[in-house]
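Got some structures for you, see below.
Consider the two complexes below, in which subunit A is the common component and subunit B and subunit C are the respective partners.
Showing the complex of A and B:
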């Protein structure tokens, strides 16, 4: 693995130089919270933050997105696809948990059987630069799900904060080419590398919450009809914030916006927490109450996804724990499942 | 890379009211661009997403058979936004289509077997596709005896009435029509589908049973088939769920770890039993 370094005080000018060539996304402060958005100056980027409130998945899978515009004219149907990305893109400062979520989303949107052009176009044109977590949050539980504060899955480059500078690890070939191309990256000495190793070794222990997820799937295999579901959903309000803020949740709705003979087909984030999600036109709803919907969310993440993709659809980012209005903590739910 | 979300344009060539309550219509569609038609290769059991642009998109089983190239048929019950918009269409109007989607009936496995087709209500559409496919001159000899048991609440609610008459006359098809409630002119059976299956008692020897109908019919049909000796591997069902993308991404049509749009809609009962309590 190729490693180089960049001084922290050079990051702003480095981002400025990137902006000339790439569309650059970085964490920025908006009102009282942090979000990922396109920056037009390196100084907009927030280097010192825990994690964004909204996951950066929207850079690849926007909350609403035009799929095509159409026009109906006498004898035919005109379909116009949206403009796909022209510029290469860089996402800077994504956390390792969110970078891992891209591996999960890749399995959905870029499967062998079906390809989603909207997602794949954005994903392929984006270089992912992650920043490891020297100080994880109390709600972080990435190490329970195969990740960690310096996990490299899903990243092209990983930055490790060693004080005055970052050590930059090239994770992919794409990342290595990028390192070679930009003169802001300098050769790294043994002193910096040993600092890096020290940071990485100690960070894992800073993740205090741990759930033994290995056994969850086996438990869930036998729990579809368990009375557990009668109780666990009771305090859930069905607000769906857990799914909206989840970096791996990818359910969407498709709707038309029309004026006369023209219009657009749009896709919008949707959620299994909503009753309308599965409501059929006949009035039949296979998931009629919060019980079935809560079960679907947990089963999908920790059983069905494991069955189909060999990994859980959760990276332990903790957003659903932090933002749930009734403190329904997924770690507690998982622990109760383990005790069944 | 092909954009799987873009609908192809089709013209509604012919729209026929199927039932006396006028709630079900069959749409015969042709591709505006003939090349689109030649790349739309499907088999009975598959479905497609129909778009009434501005109103939205919904999935429908394909009612026509690939043995009639150049046109597609869909039989649509008027229940929601898209189906109402389809019913409001006039002949000559343009709609969109995406597909074919999902799995087809296991036709290769059916070859050389006796086929028992059981349908109820408007779920008969993809069975209609399958029957036409089997009866097609060049295909018929690939299959054994064919028994069709098809029921509706009343004679006026049966689909494809003209074609049913033709099928009744065929020596190579054993057709049993039944209604819950007869009217004066009715000459077929009276009674619910599971009872008619008991009466007809098709042999499970070297046979497949294919069942499409309302959940209540399926619930009472499966024990009858079991008593006749049909193994779960030899019972084929078609499922329906609300869908949006049709390609396993939007997340709403799963039963357990299977997506009805992707792994389905056609499943054997053995497959569904593996989904434990979830089906």
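Showing the complex of A and C:
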């Protein structure tokens, strides 16, 4: 695997040069938190941060997205295609957990059975430059889900912070080609590589939060009717924080917004936590109470998704843990399941 | 504080053992520093988990409605005022609730502390009488609790329970000599453009997760207006217009009912200043109808009644 390096003090000018050619998304400070946004100058990017409040899935799967527009006129119905991406894009500074979430989202939006043109357009036109985590947070449990602070899944390039420089690992062919075209990337020496290996090893050991996730699916296979669910949901408010801030949650609703003879069909995020999520036109709701909906969340992520896609729909980023207003900690739920 | 936790536990165990309640809703230790979590206990042994400290910030009155059983609830001043509201709106029976009232000096706002630490993660927190000792990977810092309270705690004038079935510990001193509407007045004094700018800046952060609505004990409509499709009152995207209407309408739906417990603001993941509107409406209700929500079981909420003397300067 090709490795090069870039000096930290050259990153801002590197981003500035990218901005001329690409639409560049990077972590940006907004009030007291961090979000991924398009930047118009390299100095806007935050290089040192824990993780963004909202997951960067919104760069590929926005909270609301116009699928097409329509208008009725004298000659009939006119359909306006959605705006596809014109410029190639770069997402810079995404964390390895979030980069891994793209692999999971790929399996949903770009599978043999289903090709989501909106997602695929953005995904194919985006180069993913991830920054590994030298100091994971206490709520990070990526290693329990097949990831890690320097996991390469889902990225084209992975940056490793070794002090004054980043070592850059070319994860994909696309990443390697990109390195060749940018002179800010220099050849890397053995000393830097050895620093890199140290950083990676140390970071792995800093992940303190662990859950034995391999046995969860087996337990869940037998737990649909378990009285466990009667109690675990009690404090849950049924809001959408965990689903909207989760990098792998992908459920959506489709709404038409129209006035007179013109309208738009819009895809919007939806949440299985909402009562209306499974409300059928007949009035029947297969998940009538918070109990069924909380059970669904855990089952979907750790059993159904494993059944259908061979992996858990969770990357251990810890956002749901940090942001849940009632501290319904998914790690505690998983550990309770393991102890059943 | 340890005393308060012990007193709550003892009270809870007694109530459960004597079968005076079937369930006690309180707080237990959370999985993060400076964090507690709502706890549902049905047996005396489970009551051992109950705690009380300056991170017991949730409004547990949310969990009282639609229960068959007799419920005990560990409640601070604001929570109890919500309970009074729920009783007046006939959502719960007074006899069904056993109120374990806890005098409160305010709850700590974790986010204010995180902002001060500018990204450094808190790994441990030890609460003392007036201070909290924070420990991170490479720092230790002591902070004064009263400098990091939630905004709604800073303007609270009901730190002691208004009603209760048992009072835990001694009453505390009420906040004195301050203007709870100081920030509202500053806002009112601004131009309409400036106020609109300020309001839209806040709500543009909204991700329509409805945590504010779901955390509020007084938001209990079977079908919330945001979920109505026939007619559809507002769109479901984060379009600024739709989001603004959501916040404005929700604020008006809580007019004369909101007790300013701050649960909405605490639940919001994006740190939106939700009380900007609700506190202003609370002030208007006080001035127009001389009414304060959640302090009396007898008075009728102003939007549920009328009085021939009601102000009508708007009729010209």
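Note that in this section the second predicted complex is superposed on the first by the 338 of 340 C-alpha atoms of A that agree within 3 Å, B and C clash if a C-alpha of one lies under 4 Å from a C-alpha of the other, contacts with A are read in each partner's own complex, and residues count from 1 in each chain.
By definition in this document, a residue touches a chain if its C-beta (ideal position, glycine included) is under 8 Å from a C-beta of that chain, and two chains touch if they have at least 3 such contacts.
Since we're looking at a predicted model, the values are computed, not measured.
Chemist: Subunit B versus subunit C on the shared subunit A, clash or fit?
Modeler: Overlaying the two complexes on subunit A (C-alpha atoms) leaves subunit C and subunit B fitting together cleanly.
Chemist: Once the two complexes are overlaid, how big is the angle at subunit A between subunit B and subunit C (Cα centres, nearest 10°)?
Modeler: Given the fit on chain A C-alpha atoms, the answer is 90 degrees.
Chemist: Taking the superposition as given, does A:33 touch the first partner, subunit B, the second, subunit C, both, or neither?
Modeler: Touch partner of A:33: subunit C, not subunit B.
Chemist: Have a look at where A:268 lands relative to subunit B and subunit C in the superposition and call it first, second, both or neither.
Modeler: Second partner only, subunit C.
Chemist: In the superposed arrangement, which partner chain does A:113 touch: subunit B (first), subunit C (second), both, or neither?
Modeler: After superposing on A, A:113 lies in contact with subunit B but is clear of subunit C.
Chemist: First (subunit B), second (subunit C), both or neither: which does A:245 touch?
Modeler: Only subunit C is touched by A:245; subunit B is not.
Chemist: Contact-wise, after the overlay, does A:253 reach subunit B, subunit C, both or neither (first, second, both, neither)?
Modeler: After superposition on chain A, A:253 lies in contact with both partners, subunit B and subunit C.
Chemist: Answer with first, second, both or neither: which of subunit B and subunit C does A:286 touch in the superposed model?
Modeler: first
Chemist: Tell me the contact category for A:135 with respect to subunit B and subunit C: first, second, both or neither.
Modeler: Second partner only, subunit C.
Chemist: Taking the superposition as given, tell me the minimum C-alpha spacing from subunit B to subunit C, whole angstrom.
Modeler: Minimum over all C-alpha pairs: 7 Å.
Chemist: Would you tell me the residues on subunit A in contact with subunit B in one complex that are also in contact with subunit C in the other?
Modeler: 253, 255
Chemist: Note which residues of subunit B are touching subunit A in the complex, please.
Modeler: These residues of subunit B touch subunit A: 1-7, 9, 32, 51, 53-58, 79-83, 94, 96, 240-242, 244-245, 247-252, 254-257, 262, 276-278.
Chemist: Where on subunit A does subunit C make contact in their complex?
Modeler: The contact residues of subunit A facing subunit C are 30-33, 48-50, 53-54, 63-64, 135, 137-139, 231, 234-235, 237-241, 244-245, 253, 255, 257, 266, 268, 271, 274, 276, 321-323, 325-329, 331-332.
Chemist: Given the complex with subunit B, which residues does subunit A contribute to the contact?
Modeler: So the residues of subunit A in touch with subunit B come to 67-68, 70, 72, 75-77, 79, 81, 108-109, 111, 113-118, 120, 224-225, 250-256, 258, 263, 265, 270, 272, 277-282, 286, 296, 299-300, 303-304, 307-308.
Chemist: For subunit C, which residues count as touching subunit A in their complex?
Modeler: Those in contact with subunit A are residues 30-32, 35-40, 58, 62-63, 111, 114-115, 119, 121, 123, 137, 205, 207-211, 213-215, 227, 235-239, 266-267, 269-271.
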